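In the two assemblies presented below, subunit A is common to both, partnered first by subunit B and then by subunit C.
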Partner chain A sequence: MIRYVTRRLIQMVFLFLVFLTVTWFLLYILPGDSVALKYAGNPNIPPQAREVAMERLGLDKPVLIQFRDYMFNFFQGDLGVSFNQYPRPVVDIIGERLPRTLVLFLTALVTYYWAGFVAGKYLAWRRGNRGEMAVTIGGVGLYSMFLPFFAFMLIWFFSVQLGWLPISKFLDPEQWRDAPFAANQVFMRLFWVALIAAFAMFAANFAGHRSHSRALERILRVGGGALVIAGFLYYWFGTESGQSMRPYAGDIAFHMILPVLTLTLIAFAGVMLLTRSSMLETLREDFILTARAKGLPEGVIRDRHAARTALLPVVTSLVLAVATVIDGGVITEAVFSWPGMGEILISSVLNEDIPVAVGAFAFIGVLALIGHFVVDVLYGFLDPRIRVTEHG
Partner chain B sequence: MVERNLPAETHMADPFVSEPIIQEVDSWWRIRLALMRRSFRDNWKIFRRNKIGVFGLVIIAFWGIMAVMPTVFFATGFWSPAVYDPVTGLELDPPTRTMTMVERITDPNTEIDQRAVLLDGRIPDTLRIGDTFDLPLQPAPPDGRHWLGTDPLGRDILSQLMHGARASFFLGIMAAVVTVVIATTIGSMAAYFGGIVDSALMRFADLLIMIPGVALLIVIGAVFTYQLWHLAVVIGILSGFGGTAIVLKSQALAVKVKPFIDAARVAGGSARHIIFYHLIPNVMPLSVLYMMFTVTGAIQSEAILSFLGILNTDTSWGLMMNLARTQGYLLQVADFWWLTIPAGMAVTLLSGAFFLVGRGMDEIVNPRLRRR
Partner chain C sequence: MTARRLPLETSAGRAPLLEVSGLVMRYETDAGEVSAVENVSFSLGRGEAMGLVGESGCGKTSVALSLLRLAPDNARYQSGSVLWEGVDLLGLSHQQMRQHRWAEISMVFQGAMNAWNPVYRVGDQIREAMYQHFDPPLKPREMDQRVERLFELVGLDPTLQTRYPHELSGGMRQRAVIAMALSCEPKLIIADEPTTALDVIVQAQILEELKEIQEDLGLSVLYISHDMAVIAQVTDTIGVMYAGKLVEFGSTRDVFHRPRHPYSYLLLSSIPSVTGPRRRPVSLEGTPPNLLAPPSGCRFHPRCPWATEQCRKDEPPMMEIGPSQWAACWNSDQVPEMGEQLP
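Showing the complex of A and B:
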């Protein structure tokens, strides 16, 4: 397992280098240089000033030297300086945006994968009734929905008509005026708390799966879940740091409901359909027949025998879905004015702030690569055949 | 029926079909044509049973008619270009609402009538309090002249919708063709040659799958002003060298081990001949399937880019929503539904229809999925 993880890690680092190279050259060979773009609308810039600007930005050097400089600087954490927020380094902007995006992406990803898997499982199990047709058609309809359109419809319905949820942004400035924290501190705290809770939940479930008696499994699962929830509540209500941060964290969570709901509704159908077909195939296998013949309860056959086997192709699809999830996240951020990586990517592109655009894109690539790495490791963990037969 | 259980690709162009089709034909292309006609008929029979796929096809046909309509309308003089042109058209005589002047709010500093400024000079200065006047409405709701109303610039929505359909078809089909040409060639070459060609192409494909496509398209938009066909080519390259190539390669691998490839090689066929005459025709059905999914992705990407205002194009469904957004009508769905819902539903329906057709075709290409 460790060898497998290390090999994947080395591959990922290599892939990242290739990714960075391709991105850089792609942006370089496309017509139009950043200085010309930046000053294109201003005819008053004299040629001398332009030359000085070129020299200061290092654009007068040969391509390969520029490329080498860029790579060196990148790995020293220097991504240049934003054009629009002038003296501010790009790394600073990205550091501010990254936690917000992470919290949003991860919440949406977990929600929609879970929803899709559970829905697909039950759809396959109750094959052929009328509800199945309705859910399938509804799911495909949502799946091909135009994301901004759907998001705005949801905003209109829940925020404008009903007035239940905030329209956009990630916090309520009035409430945060005298806040003793920066928003990002709260985001980091939210991120860690959610991560720890998720890990604890996963561990409890996993221990339950591994146990051989059904009673023990139930105890582990329910008890683990209850323990995690109790810990969660204790943290926010019992401890001092949790209590002081609670209203602010609650505000952020409140603003997160609609983006997460949008992404979930749009994306869960893909997972659902895949789980359904994979589950239907599994249900035809001999070991399911054996399990039925043994007289095992339906729930056990469904959850322990069929669903676990059917999970494998779904996890594989996660590899392909990482890019899609990030794309969806970028668009969602733009629609909800959620000030994360996707939003800065789009606004910097619209304002022709090239260093920020490239930096944001590079970090979105890093996110995608890390996502792939996690999925690969997870897959190797779930399916022992991968670890053994993997070579090269 | 024995044939139905055969994999679909043997119908396509396999010269080793067991029964002779037409005895008296003499030229090879007639045989090809007859084979194609027969395979088309058989496949249509399978496709027709899938209600969802047929539904998708109906939607595509609907939008196809929509895309042709403006030409007909302009040619027959039913629409005059001055009013109905999707970009430069303008309704000069919009519907009006009769209003009564109640009070004049004058800014104490500048002595400019604020309400008049807000209404963009649409009320004459000579009005007194108590007078009634006709306020021209723009965006105007649907009426007999403009079946789906007009946008804030006084242009006909239906005309824009129809021209948007044209742009979407153009973009989607072009992206799909570029994708499939690249992916089929790459996939077949990787499968046929194996070794270093294979691993180089496939590692590149792995990399491309990982890159979030829309984010990349947005970044390219930062340094490069897109036209519609640029976008089609970029999407085609991304998907053609990426995911689609991987799928088609695995299909080509399955074809490569079939006996007729060996037969062709023994008969002295060159690599080029085998790839283009034996491998690619048999990968084609799957390619057509992936064309459908590429069209879905391309239409959505185009709509998103023009919605964000990154694409340089005149008429597109995304652009219609972009206008509604920048003019602030997007969240007034109940009052100005014709500005958002037609465009949004158009993107959803057309891209969804290609997805549904793709799923319907899936049953033809993968006989495993057919109903038992």
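Showing the complex of A and C:
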């Protein structure tokens, strides 16, 4: 397993270098002079200032030298400075945006995968009942819907008509006016809590599946769930430098409901149909018949034997889902004016703020690679056949 | 046909463990009903080994699955009963049926190579069955010892229990399946083509070992195969199936050496004999009928060299031929002795 992981890590670094190089050349070189000209051609800037600016931005040097410098600085954590918000460092901008995007994307990803997997599992298990048709048609209908249109429909219904949920943004400025925390502090806290909780749930479930005593399995699951809730409560009501984060975290969570709901409803049907077909295939396997013959209860056959094995191709599809969530997420952020990476990506490209754009792409690339890596490791963990062959 | 007492129970003086009578099971399909098990009756005593033979598609697996009520969703049990120690399994609730599975009757499935879930260790999958059926539950230590003993019993290194299925060879997997089938101390093991996927040498070894285990533990085994020669070496009685019907039943010696049903006769004659008397090779002409629309009268008549007008019209009942032999044939007295020339 260790060798497998190391090999994947080396591959990732290499891939990332290629990705970064291509992105850099595409963004810096292709529009070429036009960038400099656009910046420099601004009639409000006198020629001397232009020269100074060009020099300060490093745009006067030959391309390869620029590239060398960029790479050199990149790995020292310096991604240059923004053209538009000069002289704000790109790292600073990304550092501000990244947590917001991570929390939104991960929540959406986990929610829609979980919803799709559970729906698909029951769809296959209770094949032929009347609900199946409705869920399938509904899911596919949503799946083929145009995301911005659907998002506006939800906003209109939940925010405008019912007034239950906020229309956009990620927090309520009124409430945050005298906040003792930066929004990002709260975001980071949310991120870690969610990550640890997800991991704990997974571990408890996995351990539960492996133990064969029903009682122990229940204890592990319930115990795992209880621990997660306890952890949440601790953080929820816990304080930081004497102040409770709860109302602020609550406000952010409240603003997240609609974007997450949008992404989930649009995307879950894909996972659902995949799980369903994988599960139907698994149910035809001989080992399911063996499990039945062993006199195991139906719930055990469904969850421990069928769904656990049917999960494998679904996990593989997570790689593609990372892409779905990223491009869906970019649009969602735009629609909900969620000030995350997606938004900065769009605005920096439109405004030709090249350092920010390259930085944003680089980080989205890193996210995709990490996603890929996590899926690979998860898969190796879930499928013993991979684990061993990759060993050798 | 009325149920009749079969001689083996009387000769052994024991009540049968399993008594199947008049079992009718059909598959519902879009094209109509598939008559897969038609009026099948037989009985199996404690510690006895029975064989069920017949060509592919004649309903052997369907019979076996009916005993555990594991037939696919479209199976319909039309009539008959499956008495297990006097209790009709077809009348049990799902819950009660589940308690019988594995604890009383376990099964080695056809193509048992895929009987293992690829994501769990072999030993854990055996423990899973034991957790289900032992009451009070075994302690982890006892469970480990049991798995070890089972592995030794089937000739496997006990350390293999921590392996995943894909890490074992075909023969090992099959032996482990047998260990799993034995794990809850069942009274009957159904072995559906337990060795067909293996090479001949391993096949013979495993059958031999299974026979030894059966005799040592006093188990009953129902062997299913399309190869009567293989089955004859390990069984006490044999039932021959053709197109969903049991056409001959009796002690292995009688059925193997003096078949009274033309189908059994032709099936046996097509086995090349090395040691026995020289046979004129007779081949079984034609193909098994479509069970969606089985032939009238005797289902074997389109392929039977002795068929008469009566055979086309009337269905022959199981008729007693000798003290331990039944055959469903109007002309069973015309079936030649093995090795004789055909008329």
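Throughout what follows, the second predicted complex is superposed on the first by the 347 of 392 C-alpha atoms of A that agree within 3 Å, B and C clash if a C-alpha of one lies under 4 Å from a C-alpha of the other, contacts with A are read in each partner's own complex, and residues count from 1 in each chain.
The definition used in the following text is that contacts are C-beta pairs under 8 Å (C-beta built on N, C-alpha and C of every residue); 3 or more make two chains touch, one makes a residue touch a chain.
Everything numeric here is computed off the predicted structure, so don't read it as measured data.
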{"item": "Fit-or-clash call for subunit B and subunit C when the two complexes are aligned on subunit A", "value": "fit"}
{"item": "First (subunit B), second (subunit C), both or neither touched by A:Phe146", "value": "first"}
{"item": "Partner chain in contact with A:Arg130 - subunit B first, subunit C second, else both or neither", "value": "neither"}
{"item": "Per-residue contact with subunit A, leading partner among subunit C and subunit B", "value": "B"}
{"item": "Touched partner set for A:Ala368, first subunit B, second subunit C, both or neither", "value": "first"}
{"item": "Subunit B versus subunit C as contact partner of A:Val22, first or second or both or neither", "value": "first"}
{"item": "Contacts of A:Gly342 with subunit B and subunit C, given as first, second, both or neither", "value": "first"}
{"item": "Which of subunit B and subunit C A:Ala291 touches, first, second, both or neither", "value": "second"}
{"item": "Overlay on chain A, subunit C to subunit B nearest C-alpha distance, Å", "value": "10"}
{"item": "Residues of subunit A that touch subunit C when the two form their complex", "value": "210, 212-214, 285-287, 289-297, 305, 308-309, 312, 382-385, 388"}
{"item": "Contacting residues of subunit C [partner subunit A, same complex]", "value": "68, 70, 98-103, 106-107, 109, 111-112, 114-120, 124, 127-129, 131-133, 137, 164, 166-167"}
{"item": "Contact footprint of subunit B on subunit A as seen in their complex", "value": "15, 18-19, 22-23, 26-27, 30-32, 34, 37, 137, 140-141, 143-150, 152-153, 155-156, 160-161, 167, 319-320, 322-324, 326-327, 330-331, 334, 342, 345-346, 348-350, 352, 354, 357-358, 361, 364-365, 368-369, 372"}
{"item": "Residues of subunit B touching subunit A in the complex", "value": "52, 206-207, 209-216, 218-224, 243, 296, 300, 303-304, 307-310, 321, 330-334, 340, 343-345, 347-348, 351-352, 355-356, 359"}
